[in-house]
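Multiple structures follow.
Heads up, the next two complexes both have chain A, just with different partners, chain B and then chain C.
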Partner chain A sequence: MVKKMGTEKGAKNKQIGHNQVWIRKLTKNDFVKSLPFWLLPVSLVGLFIYGAIIWNFIISLTDLSGFGRASFDSLDFDMYVRALSDSQLLFATQNTFVLLVAFTVLCLILGLALAILLDQDIRSRGKLRTIYLLPFSLAFIVTGQVWLWIYNYNYGVVNTLTGAIGLPPIEIIGNPDHILAAVIIALAWQFTGYTMVVYLAGLRAIPDEHFEAARVAGAKKYRIYWRVIIPQLKASMASAAVILMVFALKTFDFLFAMFGQYRPQVGADILATKMVREAFQKLEWAYGAAIAVILFALALGIISPYIYYQYRVNQL
Partner chain B sequence: MSSESTYRRVASKLTFSYEDWTYRKLLVYTIAFTLVIIFLFPLVVAIVTSFKTRTAVTGTLPFVPVFPWQDGFTLAQWGQAFDVLQGGLVNSFLRAIPATTITAVLGSLTAYAITQIDWRGQIAVLLLLVSATFFPTQAAIVPLARFWTVYVPLEDHLGILWGLPLLEPYHGDLIALIISDIAYGIPVVTVLFRGYYQTINQELVEAAKIDGANIFRIYQRIILPISVPMFAVVFIFHFTQVWNSFLFPLIIMSGSGHPAAPATLVLGGLGQSLEGINYGLRMAGALLTALPTVVVFILAGDKFAKGITGGGTA
Partner chain C sequence: MTADNGTGSDSVSRRTVIGTAAGLATVGLAGCGSGDTTEAPADTEGGDTGDNGSTEATEETQYNSTALEVLHAWTGGGGQNAINAVAEGFKERYPDIETNFRAVGATANVQLNQLINQRLANRNPPGSFNAWPGAHLTQFIEADTQILGDITESVWAHDDMESAFIDEAKELSRFDGRYVTVPIGSHRLNNLFYNMDVIESAGVNPEDVESPADLIPLMETVEAETDAVGMAQSMANSNTQLQLWGAIHLGMHGYQSYMDVMNGEGDLEEVRESVDMHRQYAQFFNEDSATVNPPEANQKIMNGDAGFYHQGNWMAGGYNANDLTYEEDWGWIAFPGTSNMYTLHMDAFVSPADNPSPEKSIRWHRYVGSKEAQVNFNKHKGSIPLRSDVSMEEFGPFLTETMEDFQNVEYRPPTVAHGLAVSPGTLVDLREVFSSNFMGPYNVDETSQGIIDTI
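Presenting the complex of A and B:
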């Protein structure tokens, strides 16, 4: 590189000029002066988030378990091979995808319906929004307990209602076929208000003229929403979808609360619960770390296209 | 155009819109308030259940309240929940208030450096922070737990502190928890402040620069005062996040028996006994744990909503 620049005078001069600019910039000290503002927080993020994720990957290559420290002598992908032949893990992966898709779609549809409802000329809109959003402000450890009671076989609300219309009680918690759907409904209850708020912000950004123009042209209200408004909510939908999907990947608190232990009922095990259980209950650190890497890779697959797109359109 | 035809036109328009009003409004209001019932129903059930004795919990319908003058009403569940959770609630405040405050200050400083100062590499730092807001915490909890337990046990390292009044060695884990909360809060809080700082009027900042104010002064005199509404949003939003978080205390403190365990962690082990689950106690405990965030939310729900949508014009 240096040799090349020696032969190309123009480039060298340019380089010197560039260096001078750079030195002047340094003497103006904007970078150095900016350091006190961001160095500590960014170092914390670098150490505890990025550093931890990298370290987690390294741990997943060891065979660390139980108490004591890891040996980094032989690093290999044994834990990932083990994951491939772990039927419980494959089942958890399958559940994770079902939860991710069903939960996200449900929230996106219900949230849109709520947002359009609150977009109408309706009194005490603010209060309604607060009520719909209330579940989202609660801890999952709290709502998990509440839904466990609602789904109780003998005395819970659901079976009281089915009994009232003459149906036999439904086994929800103990039935592997029902439990995941029950979890999805409970989580959708909590996240619909969140999705609604994201849509409402998008709705507010649409100029009223679009709506007025379509109305003057004689379009029916539902057609205006379908043809004019909803297509303009794509950006809101994308950002809500990303958040919802990433949440679905990592949801652990709710399932822990519902079942009061590391192991959810049969049928509700997902990668997030499996990961925490392997690491913190069985002390299979390396295996837990490997599952965490899988989770992280899935999350990256969801968020990187989104962030790349936002970066390209300068919306970051 | 005669005044009569104008009148008729206006009249027809009014009657039409009036009919339109009744039909549409009725539908909209019916849906809106049915949804209110659906959204509040699980919480109503929890409240109703928390005031019932164990026999009333199984003997009455779950959503039918028992009133103080009726059989089966009790405050004992709340009393017991309070006994079990009071230490946890104190710990939760000890955790959430410093974590929220420090995160807010650091986030504001970082956002200022990213938006108002030009330096190389700020795009890279911004990308790192924005990406980090999405990462699943599971990807980092194994190293995080081992960092605090095996490599940097604060209980041993901060030995001098435990001699001070009110501080006990077990607070080491609480400090570890707060530091982790701060590290994991900085990305989202920085993004919130950044959204706000992008919208502020640059004229003031430019004027101050011409007057020769340096970047510290500009932050202190201009940015900080106009950040107050955004600080409120961040406090409310992030306080709720930290208060509600469960996974970090679980992995750092390992169990609900830890003396520094926050309320969410204590709640995780509440109400399970040999005779089965005591739902009245569990509901009381869940509601008690949720109470501070619910109060914050009812008082400032709009700020919480702004935290969700990225702040913008706080």
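Presenting the complex of A and C:
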């Protein structure tokens, strides 16, 4: 009897002990211990970013337009088919690509040139660096307006200069062949300073010894840069390029600041402006959402090689 | 002493912040609660007809706590003075109604229309908003749910308003027998303004011009004899190009052809001809047209940098503001070929369904339709009232002439560029046609085909 009770008690103790161990195990578990640190941010990001992306994708499969409510009975890819046959959209995509490539390349080249110059032992280079970086601190509305004045047909700086050297005035904003280049130059002006700073950080990280060794070996200065220094700036170049390209994809705010409307002058229409016009002016919500998905896919296409590269070199 | 002041203002500002936050919270709560009260009193109140506005103001009316929010497009110049005059008059008549007038400006209501679309799509309507009546409102009418409120009984039957308004205004405000909006004023759109000095030194007489083609030799003479360009034009937005094409088409092919195009039965060859005429006009435009907005283009008329300018009669507001005298510094004719027409533009206030402040909104729309509001608004705005029973005494010679023309012309075609003739989706597409093909270089074939395909 006593023995029996004893064993019962023992079992109970064992049970309690088991629970305690389980709780102790749980509290010691890394996953549980880390919960308070990531649960809130992850759920917020999940809801507001990934949730919104998924929701947007679902809407692009409906045919929601006007003031109705979405019907989810028949989901299909009609909007994407429509996108493929929309000549304006294809034109906007083409412009988006031209802007993306030209703007990024221009910024990378100018930024590299400036960074190398500023890395030389010249007087007051700190101040010069600030001067080049200043445009980056300006709001788009300021940059847009200033460049609109620079390009003005009658009193703009560009036509004042062409007049001074005896050339006829150039129509820039009103000419579909010039306008995209004009936008790219204005954007590059704003972002070159930023690219330069990224390069400068990379340059500073290169030990002086590399330079010294190359010089001792008798290499000319430009060869030192070309063979020794620039190859070591690959990482800086990659991270600057990704930021610039993703920015170029969503230049919407700059164009809006420059033209004050969702329809830039002909020749400068990009996917982002087209998307806003479809959704908010024509109330073609589903079509607008489909353009947004296309834009998202393009951005993803640019980012993912970079992320994969970072993963390969074990930086992620 | 100064330190004391410093801390004093500091604490005040903190208190203000807390107060504002509390106020916002209250507004938020009020906004949530108002949904319950929307339906109930609207019709019962509207039923007691026959009272005029002034006695009604002293009546005990149960308003909910939401302020009357009115969205409009007039951010500056005559438009701003006009809406301010109406707002002040309304506050005088209804001192116990809290109001919140919000201006959202841009060429051709682009920004305002978009904000309203978003608010209505999000089921968060304002108490009242400014829009164009007619085809522009079809997007709301054709929606699955009722987006606009029926104000036939509550507003139009009140004080015998319906019989006081002109027929065009009533037709454009009514859909399937229901009134949803109250027009506040009308601009004439087929005006061709000119600078007197330029015209005189070029030695041309616009009064002789009878068709759009007749204007071309005049513009040639202006460019040959003076430093001015033949025609001022703004192409910062393609809407002005669409508008000019509309005027040229009316002038070349008349009312019926224009209406056929607007109803989707246009003749491609006729459209081609008017688009081609437009292309010929384009060689007389100012070179910086791509970057100037309509008021800046008007500045060229005022400065003598351009001979002619086609715009709505709202541009006269700019001349008045700069103390330029009608028929001395500037003059106008009806756009060539349209002297028997008044291209109709109209502004109106619309009452959304599920109104957050239904009773206040009814009072506001009644006031918009009153003689007082129509006179105060239009004399500042440079437009004409839409009631037939107002006196034109306060309006000056230019507007009196406009009013007389309005009553005497044969046709009143609705404007295409300002939403009366085509639905908003079509209007956006038409602007795209001009943006893509007709903002220099000018592609006549693509543009005319685009117009026919779009409508």
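Assume the second predicted complex is superposed on the first by the 286 of 316 C-alpha atoms of A that agree within 3 Å, B and C clash if a C-alpha of one lies under 4 Å from a C-alpha of the other, contacts with A are read in each partner's own complex, and residues count from 1 in each chain.
The rule we apply is simple: contacts are C-beta pairs under 8 Å (C-beta built on N, C-alpha and C of every residue); 3 or more make two chains touch, one makes a residue touch a chain.
Quantities reported herein were computed from a predicted structural model and do not represent experimental measurements.
Contact comparison for chain A: of chain B and chain C, B touches the greater number of residues.
Within the superposed three-chain model, A:66 lies in touch with chain C and out of touch with chain B [touch as defined at top]. In the superposition on chain A, A:252 makes contact with chain B only, not with chain C.
Contact with both chain B and chain C is seen for A:152 once the two complexes are overlaid on the shared chain. Contacts of A:260 after superposition on the shared chain: both chain B and chain C are touched. When both complexes are overlaid on chain A, the residue A:183 reaches neither chain B nor chain C.
Legend: residue contacts after superposition of the two complexes on their common chain; A:44 is shown touching chain B, with no touch to chain C. Of the two partner chains, chain B is the only one touched by A:53; chain C is not. Of the two partner chains, neither chain B nor chain C is touched by A:270. Contacts of A:280 after superposition on the shared chain: both chain B and chain C are touched.
According to the touch criterion, the shared surface of chain A, contacted by chain B in one complex and chain C in the other, consists of residues 69, 148, 152, 154, 260, 280, 285. Taken together, the chain C residues at the contact with chain A in this complex read 106-107, 110, 113-114, 117-118, 120-121, 139-140, 142-145, 147, 235-238, 287-291, 424-425, 428-429, 431-432, 435-437, 439-441.
The part of chain A that touches chain B in the complex is made up of residues 30-31, 33-34, 36-38, 40-42, 44-53, 55-56, 59, 69, 114, 117-118, 120, 122, 126, 128-143, 145-150, 152, 154-157, 160, 189, 193-194, 197-198, 200-201, 242-243, 246, 249-250, 252-253, 256-257, 260, 272, 275-276, 279-280, 285, 288-289, 291-293, 295-296, 299, 302-303, 307, 311, 316.
Contacts from chain B toward chain A in the complex involve residues 24-25, 28-29, 31-32, 35-36, 39-43, 45-46, 49, 57-58, 61-63, 106-107, 109-110, 112-114, 117-122, 125-132, 134-147, 150, 179-180, 182-184, 186-187, 190, 214-216, 219, 240, 243-247, 250-251, 254, 264, 267-269, 271-272, 277, 279, 282-283, 285-287, 289-290, 293-294, 296-298, 301-302, 304-305, 308-310, 312. In the complex of the two chains, the chain A residues touching chain C come out as 66-69, 88, 91, 148, 151-154, 169, 171, 173-176, 259-263, 265-266, 269, 277, 280-283, 285.
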